[in-house]
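Next come two complexes built around subunit A: one with subunit B, the other with subunit C.
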Partner chain A sequence: MEEDLPYNVQLVTQLEGHDDRAWHVAWNPARPILASCSADKTVRLYNYRSTTDPDTATAPLEFSLNTTIPTGHAKTVRAVAWSPSGKTLATASFDSNIGIWAQDEDDEEGGGPQGEWECMSLLEGHETECKSIAYSSSGTLLASCSRDKTVWVWEVHPDSDFECMGVLMEHTQDVKCVAWHPHEEVRSILASASYDDTIKLYVDDPSEDWFCFTTLTGHTSTVWSLVFSPDGRYLASGSDDLTIRIWERVQEHRWECVSVLEGHDRSIYSVSWSRGKGEGHLGWLASTGGDGLILVWKISAVPTESGRDKLSHKIISRFPAAHGVSDVNSIVWCPRQGMEDVFATAGDDGAVKVWKIAQSST
Partner chain B sequence: MSGEVFNPNPTVFAPTKASRVAAFAKRNSLWLDDADHEHEEEDESNEPEQIDQDEIFELIRSISDPEHRSMTLEQLAVVSAPQITFDSQVPDRLTVEFTPTVPHCGMSTFIGLSIRVRLLRSLPQRFKVDVRVKPGSHQSEHALNKQLNDKERVAAALENPALVEVLEQCLSTAGRHDHDHSV
Partner chain C sequence: MAFSGALTLTDLNDFITPSQACIKPVEQSNPAPVHDPGAALTQIQVDSTGSYYEVSAVGRTDVDAKKLQTAEISLNDCLACSGCITSAESVLITLQSHTEVLNFLESNPILPAAAHRTPVLSIAPQSLASLAAALSSSSARPVGPAEVLARVRAFAIRVLGFEHVFDTTFARHIALLEHAREFSERRSGKGKEKGVAPLPMLASACPGWVCYAEKTHAEMLPFISAAKSPQQVMGTLVKEWMGAKWGRTPDQIYHVTVMPCYDKKLEASREDFCNDTYATRDVDCVITTGELDLLMREKGWDLSAPIPEELSPPSPSLNPLAIPELLAHPGSSSGSYLHSLIAALVASSQTPLTHTVRTLRNSDYEEHTVMDESGATVFRGARCYGFRNLQNLVRKVGREAGLQVGRGAAGRVGALRRARKAGPESEQEKGYDYVEVMACPGGCVNGGGQLRPMLGQEGAALESLPATEDGLEVQAPSAKWGDRAWTKKVEEAYWGAPPTPPPTPPPEVIGLEEREEEKRRRADRLAVELLYEMCSPGQDPPGDAAWDVHMGERADEMRRRLFRTQYRAVEGEVVGLAVKW
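And then the complex of A and B:
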């Protein structure tokens, strides 16, 4: 058996239905909906609810398919992102376009938005495959990135109207991932990761131009995935060099690598950082990739005499072959309150799986 | 494909003799050209099949060279059985190394992609394949290796109809074994 770890990973449900590789999953932050996207060009939306079982006093989650959106994208749908309100869904496609989806409000039966998901807007601009998209924490900005080496920042206006605020041409190769800092400060921070092995951080200049204020180097191959810590002090990056690096904000515009996490033996495609359960730590970092292994790390800050915290990391759970023999492309913690121990994965087998980590009984 | 000629006069090598069509390759070698075998798979036990170097080689030796379409990768010594290696720890992981005929070969990405796609279509899913150029054999070795092993780039390339058309032509010879009996 595996070595004794304080938590074990339990499968909640396996959601089949995509006809091809599933690339990405996204939890609606406001409503009980999970979205997944695939090379089959569709987005699948699942509803879930927790059903209290009086006998065991547990509340298992039940998932059911809400709808399949054909999207109309001509190629793979690589990524999906929800706006913070949960009302809008964005899709990033290899056809280079971004779709903006919302529910038809006309249908008033049943109370609340029940209508079909419709394409409200199609954002064109990237020249080649769009690979990642992300809404800022306030929902007023959307970032996208592409193999065309650019990062675009879009301002979100009412009625699904978008205005391009900047095209950032800092990377020398494909941009694989974009992520926003979780706290909307006076100036929001955007991060991008690239095939050029670097991470770049940007802020909004007072003169309304976006600029890159630092480049984080250290990874020795493609950086696939980025996530900020829930408290915003750290940034984690997953790479083809088989490591996860954690970068700390040491000054307003200075970030330094403070930890290198090792444990995967194929490309790391996805990292996700949640608050986790319990106190006294900085949350749980989950990672996965081409080795099909799920690792969950507990990240803590240990005070030192110098006054500066030292970051510590410990694997608290591991689950190999999460999608059988297939690569796992995405891992995402559920952002909803009370579900901090739940995450979803998407794999090359076309399946989406929902998991829960629970304290080991021993 | 551009009209540029990278190697106008390649050296041609004789194929290795007595190639055997592996039982495995016959069964799985492509729904593309072996559709009549498809029902046999269901009779298989759940035992994972062992696959060796020669069987992998058998799958890729007859892929056509994109620049010299009448010749195979084997005839141009781009691929060979000894260049296929298995991970000693994880036998389902293998590396296929290939040797471009000239160090400036602009077709190398395409050749690597054709090898990758052939194996993707022919091997059971449990196999994880790395495709690399032989060290020192190409001026852009690092860039080539990186590109060939980036699954997102490979996936996007396979949604490019113009590229796939040429790819299918090069792969259309991959299941043939004409030379098997001629030696």
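And then the complex of A and C:
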């Protein structure tokens, strides 16, 4: 059944250790750390390094456990997010709280990133399970969402302090995912996806009140996952309706669905979009879900006569049963320079896996 | 490892979305009979009338069918439940609605029947403002709260048969006096041995906030003022003080209030405001501004039509107790709790004080500082409205008081860490002494029970949509900005606009115009008189007595019973979904 695809997916390493299903992974944007979280209420941090031989195309990545944070959350840790500086980690838990974690930087302990990860702050407010959490691209805002149907926006203050900037009660059902636009313009755009099948986009008004400026409809079932394209022109959404939709920003505050990607035969739980390697395209979109299948799509913009680009998508790699028979809950590209071809997945089997795509040898 | 160990329904929640179900545990009033091991089990059947019967499982419905008590969920159960806040609405709407008022009035036997209850209506000034704003937006001439009160009174008395109609500003005056008294108690540390409460003191008039704190922030409860809200002071005045004057016991009065807020219905049904001796409540039924509007429409009463009485001051026959009407309390349109404390502080100070206001983020969060000549801070307070600001307030107060705001284990780690980190820097800013907290953005004029702007109709809201500087196109023109403009109009109507007096008077002008000053003195005097009548009968107040007079232990105990209340945390751990399967 293997088609002749230009890239193949290779397992770099399998990271065991969670005692229950692994929900989510997050790559530290500034330091070589990968974080994973699980229903076992812990966060595991892995260090990695690559052998420094630039000539070898297959420089192996070596992962080692740095530490396990017990978190103290009373229930499942559903999501983790790093601040853009890489110094702070946020955890979203089914116990309805958000934990803010940073390393102790006491001088007497030698300083630097050596100290233990400690809970610096606890953000309360959600009434029920917190499902997703995200830092804005400048790191000044943090968003979270919950089964209580709300999306919260927090402003990050010095000394691990937070100020609530908004409680958005727009969705009629469980909110599954929040994502920030990658470019901080005058205003940052926040997106949320819900069990009510819609996606909502928000900005703040001049008095810093957050409001929903548009609702994207089209999916016919739960929208599980959202990711903006690296250039910020597009938004991709993965849904229980087995499709990925790509929405284009056609005006400042208007987004339209321009592509529907099909290829999965179970719920799509996670999508991730990176720049990818090479030129002349909009990057690589990876998707996974209940069918355990990993798909990697190359997204390109084709100029048309009307002057408006037409989006094209092509599967460049696929890998079935990535976590055996288990569901795969998340897939995340590594954001670090030179590692555009590396991504990690977390599955119901409790495993975290790191993968790499490489050009198929002809 | 996926399905090893106990499978917890909670952890499956990512896939299912049960609605917020009511978790009221059904008490079994008929104790289950002890039966022998192996005896047949019972089952429950419902007959054609909807009654529940416990029958034996063998199917013999004819014998031994035991009627079971129907489980009833009252408003109090909803209050005591940590689950929903919103679904309580459907319960309370049916229990306290304008139809309920009509039903009562229709079934109320006419005097001199012994069962006759005296119907009394009390209306909040924010409700008057909402009606005034709606009338003004659709008529050429602006209508003020005084005219609206006169017209509502005429409607309630002539059409509905109410015997007395009041506004709640005099009750608010008393609530403010008691509030100030409690604040000075807390500030002086008096009663600390009884566990009385720390600063900052937080306002207690907003039932939405009180309900939220009881359910999710028990650690805030000691900070919340124990003074009754204006609605509940009004309840006490009507049922106890006026009742005594009219020769009516509390159960012989039916007291209806008109409020800008649905949660006032919840407040009225709190057990603290029930009179067990007479099996009645201080406020029997709460309707919202919108419901009053509906009631008038249904009865064909045109509120926009002027009536002759509104031009002259209310006739003494309508107000034999000479209760001051429409008392203005300058400061905020949500009751001026903060301003009345600051005004009292400034008035009682030997040295001149300066009052400065700083707006944080938006007009719903203001910090007020009072400094003496040397620049030392004498008082720091805040006005904090809306759910979002409320979150920040709870965090701030918890942090300053060194409390653990939170339930999770991670919270303890954080608290430790913070305690260690809190350096001298945190001592620089004096914590708040008082915060006027309201759950609605914009405060009570924007309450959930107020009239909504008529979008698109007669240009009420749409034309005032602000054009944003960067030409942002709002797709769904919104509700939100329309509301904001509308709230501004209600706020203006509240202060008797136009022309608009500044809602927040400049700090130096805490003097009022002559007539208001006179009305206020009358209110102060009447307040002390009724205090003595109710708490220390037979004793005349000394000529110079003010509300915070010390009347002796028994009388002070009585005063506490009449004008204060209490709060309890609602245990939140009964989460129906945390069931281990």
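In this text, the second predicted complex is superposed on the first by the 349 of 362 C-alpha atoms of A that agree within 3 Å, B and C clash if a C-alpha of one lies under 4 Å from a C-alpha of the other, contacts with A are read in each partner's own complex, and residues count from 1 in each chain.
Following the convention adopted for this analysis, a residue touches a chain if its C-beta (ideal position, glycine included) is under 8 Å from a C-beta of that chain, and two chains touch if they have at least 3 such contacts.
Keep in mind that this is a model prediction, so the values were computed, not measured.
Q: Under the stated touch criterion, which partner chain does A:208 make contact with: subunit B (first), subunit C (second), both, or neither?
A: The answer is second: A:208 touches subunit C but not subunit B.
Q: Touching A:266, do we find subunit B (first), subunit C (second), both, or neither?
A: first
Q: Using the superposition on chain A described above, determine whether A:39 touches subunit B (first), subunit C (second), both, or neither.
A: A:39 sits against subunit B and subunit C alike.
Q: Examine A:75 and indicate which partner it touches, taking first as subunit B and second as subunit C; both and neither are also allowed.
A: A:75: touches subunit B and subunit C.
Q: Mind telling me which of the two, subunit B or subunit C, contacts the most residues of subunit A?
A: Here the partner covering more residues of subunit A is C.
Q: Touching A:220 in the superposition: subunit B (first), subunit C (second), both, neither?
A: neither
Q: For A:14, select first, second, both or neither according to whether it touches subunit B, subunit C, the two together, or no partner.
A: neither
Q: Could you look at A:174 and tell me whether it touches subunit B, subunit C, both or neither (first, second, both, neither)?
A: Both subunit B and subunit C are touched by A:174.
Q: Between subunit B (first) and subunit C (second), which, if any, makes contact with A:359: first, second, both or neither?
A: A:359 sits against neither subunit B nor subunit C.
Q: Could you list which residues of subunit A make contact with subunit B in one structure and with subunit C in the other?
A: Overlap of subunit B and subunit C footprints on subunit A: residues 21, 39, 75-76, 78, 94, 128-129, 131, 147, 174, 176, 195, 326, 348-349.
Q: What part of subunit B is in contact with subunit A in the complex they form?
A: 92, 124-126, 128, 146, 150-153, 155-156, 159
Q: Residues of subunit A touching subunit B in their complex?
A: The contact residues of subunit A facing subunit B are 21, 39, 75-76, 78, 94, 128-129, 131, 147, 174, 176, 195, 221-222, 240, 266-267, 290, 324-327, 348-349.
Q: Going by the contact rule at the top, pick out the subunit C residues touching subunit A in the complex.
A: Where subunit C meets subunit A, its residues are 1-2, 4-5, 10-11, 13-14, 17, 216, 361-362, 387-389, 391-392, 395, 405-414, 417-418, 421, 468-470, 472-476, 478, 480-481.
Q: Show which residues of subunit A lie in contact with subunit C when the two form their complex.
A: Those residues of subunit A that touch subunit C are 18-21, 39, 71-76, 78, 93-95, 97, 99-100, 118-122, 124-125, 127-129, 131, 147, 159, 162-167, 173-174, 176, 186, 195, 203, 205-209, 211-215, 251-254, 326, 348-350.
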